[in-house]
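Chains: A, B, C, D, E and F, in written order; residue numbering restarts at 1 for each.
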């Protein structure tokens, strides 16, 4: 859609990302929930901080992957998790890739390749971004719980929310976070 | 998902519909945009009011179709229009039907049949609900424009937003609304 | 006020119902509380679902009563409960009826008769709407409590919030809801 | 209601005033509209500033009248203007006085006398508060219009919104405000 | 800045105070937190109520001090407490005084003198306002805690939040509030 | 403050950045204004996109500078521009550097050096981030204006908002944005 989009079109469209709230929080009653943009910044910050401590990570490329990893939501929205039960296997992934091809059209092809790398999730850099995507989720869940807002305890019971990507530095943070949270809950 | 859901489960889940904002407004900067629940109530009110004036409409069934017509968004979310470019043809419709089968499981089968009738859109009752679904959209757009909030003028240029379902009573309202809006814009 | 109001005037005015938050939640600190429109939709859904299970209910008329039952708030607002201590006995009821006569002027007289039936509350259909009006209240209170938002426990202690209208199907839902809520509170 | 209320009860209840939005703005689409508390502070500031310039005003008492003038809304709510068409003549005024008697019970009787003086509106101090109550309204309307939010132009056409209480200092401000606003609208 | 500001400029600028949320609540997750204007009104109400019970207080001047005490935030903002660790000793106080000189320029010099009295905090009237500034803080904290919103327990552990200004009437309220809060927390 | 802060402390504190709204928008009536986090992400995206097109830029370091450039607001807040008139020359800059030293304590020293480079603003990378900081501001202003929300036209008249850092790629975007905006305003 919209052939001949320019960089300026892209920059303006990207501002809309601020208005898309993260649906997992919305549906569990969090007031003023995080936007997709906010999630993206925190993932970036985690990738940059943790990636610097992990040998063998191309930090610069990891940061770039994090930068693009959620942009498809500009066209697809932030679908609730339950939606995956109803779309055909892989339909969302394919839709996201197609949306990204349109969104990133004004950028060099390399940008789209970064997104493909993220979707495949096989390089250490892609695995780190995927791990930090969830680490950020659980950091925010811990913050919202401390604030007393939202019905979020089920997040702690879902193993999918704790991928360490094979990196001990990430695993330790997940463990430290869970320990701190459990101590707070026990009061 | 979640076998053995009871009526109470359904009633509690339905409350979440209030937290899903209509994405078309969100992405165009409307402050505190309408929820899906609010949209649903207004469509109901239009169907009931206009259906009573149209000969040959089974008003009671039309109201029932309106009551269920957007419930799938509880599981799928309110996808932005752009998403339809990226999912396979018909994927959203299929997903919505599947979601509805789960959502309405605690109700008699008749409820799901009402939704199928809406999706097919061939009966006069289904056509009326579809027309009122858009009439409500344009009523709200007119209100938001009067309030000076949101970049919504493109809605008036899209013929898809003005289906009359073959009913003169609906067509007249669309025309009256457009006339009034154009007068306001010209100031 | 405003003689010669048309259907379009009514439809546009009705959109304002979305901006009226339910005062009981507002005054108890609920964030982003339910609008009157949202309340109305859920009451409709309850009436439709439960009415279908109750013998002797004219389901179609019950739904219509639910559709109009709170429209007077467009002109009167959603007064807090405490206000009833300060207005003369019956003043609010009379004001609501007068407001409804103006609001519904563009509709056939039958619409106003539905509202009168609701206010009198003697037919089974009116009793069912009144019971569902409170059942919806307590469903939402349970949801807000689960989200950790609002100081709402007093609602469970007020017998006025649990009218079953003489219908076992409603009474059972109230009981199931209270049981579930008490289990959650005990943790 | 609630006999034996203490000062602490009153101070805690008064915090609720922050959650009551001014209904005139709510119903005209203003985003994040002013609370009753905010209105009250600005009226106070106007009364204090303008009262100091007007000979014969007991400034200290004028400020006290402003301090209590809208507290009844804690129990009655902020009724939309249209409501006055439907309640019996004087019913709202009587209800407010009764609510104030309960609200101010923990204070010396003098507090309630200040409110009675406001309602009668005959002393210069009461007239000044009433004038500033409207001056503040129009100041905020001007601000909201500059921000492009809300459908508020009708406020400028209603003479009831421009009472000067017989004070030239107030009249001049109304005129200066209107002049500035008209210049802005002509752009 | 902006020489020749008029009273009207001041009144319009003052409306902005409503949009400045109190940063202590913002950073602890309170939803829809109190604005600076709302804080100011409640402090005024406390000063007026408690000052009337304290011998030797010039109630009229105490109310005036409360009226101006936080206006500097119009130009400086509501800085979080942590900021004081990073600015030079006294820098904020000096900045506030300078901002007030500009803000209050359209008023007689007496207004600025009231603010200087507040900053020095040596007169009984200034001490009363400072005590009520904190009493209001803790009243709102108690309300937010009852609503289940925000991570605010640390406020109760900071002795700086409980200045009584040497007035038993204030000290008693602090104690009563803490007793009531502790009873609520223990459930 | 808070010696021995760990990485986890930093990550949790960083989540607060989402709750700090950009004060320039707040004070001009923008509804739901951008958070500091959202601003930061967009600046990053601009730096990454435009930096890749500019010869001689160390893109990886430019991105890192953008990542840390606004973190001091976690402790200082987002001060309104007017505040700079009242603090001593350089006080804010010194305070930000001191806050950053505390905030970034759990990271290697290199992180703080990146911030010092940003404050000095002499390297091409620092100049690019500073230019993109303003380019993002004007992109968002353009979006808010299109949405009809906020009184933002003065931003276009302030030359400080259009620094190109000596980079033609940035200058062209500023010009294209202004051209498009002016066309929209002329309607």
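Just so we're on the same page, a contact is a pair of C-beta atoms (placed from the backbone, for glycine too) under 8 Å apart; a residue touches a chain by one contact, two chains touch by 3 or more.
Nothing here was measured: the structure is a model prediction, and the numbers come from that model.
Chains that count as touching both subunit A and subunit F, per the definition above, are B, E.
Any chain bridging subunit C and subunit E, meaning touching each of them, is among A, D; the list is complete. Subunit B maps onto subunit D through a rotation of 120 degrees [Cα fit, steps of 5, range 0 to 180].
Ranked by separation of Cα centres from subunit B, the top chain is E.
One finds 31 Å separating the Cα centroids of subunit A and subunit B.
Centroids of subunit D and subunit E (each the mean of its C-alpha atoms) stand 22 Å apart.
The distance from the centre of subunit A to the centre of subunit E, each centre being the mean of the chain's C-alpha atoms, comes to 40 Å.
Separating the centre of subunit A from that of subunit D, both taken as means of CA atoms, is a distance of 48 Å. Within subunit A, the positions touching two or more other chains are listed as 19, 29, 31-32, 143, 148-149. This structure has the following touching chain pairs: A-B, A-C, A-E, A-F, B-C, B-D, B-F, C-D, C-E, D-E, D-F, E-F.
Those residues of subunit E that touch subunit A in the shared complex are 28-32, 148-151. Within the complex formed with subunit A, the subunit B residues making contact are 1, 16, 19-20, 23, 26-27, 29, 75-80, 82-83, 85-88, 91, 94-96, 98-99, 102. Interface residues of subunit B facing subunit D in the complex, by the touch rule stated above, are 31-32, 143-144, 146-149. Interface of subunit F with subunit A (complex): residues 6-8, 10-12, 14-15, 17-19, 32, 34-35, 37-38, 40-42, 44-46, 48-49, 52, 59-60, 63-64, 67, 107-108, 139-140, 142-143, 173, 176-177, 180.
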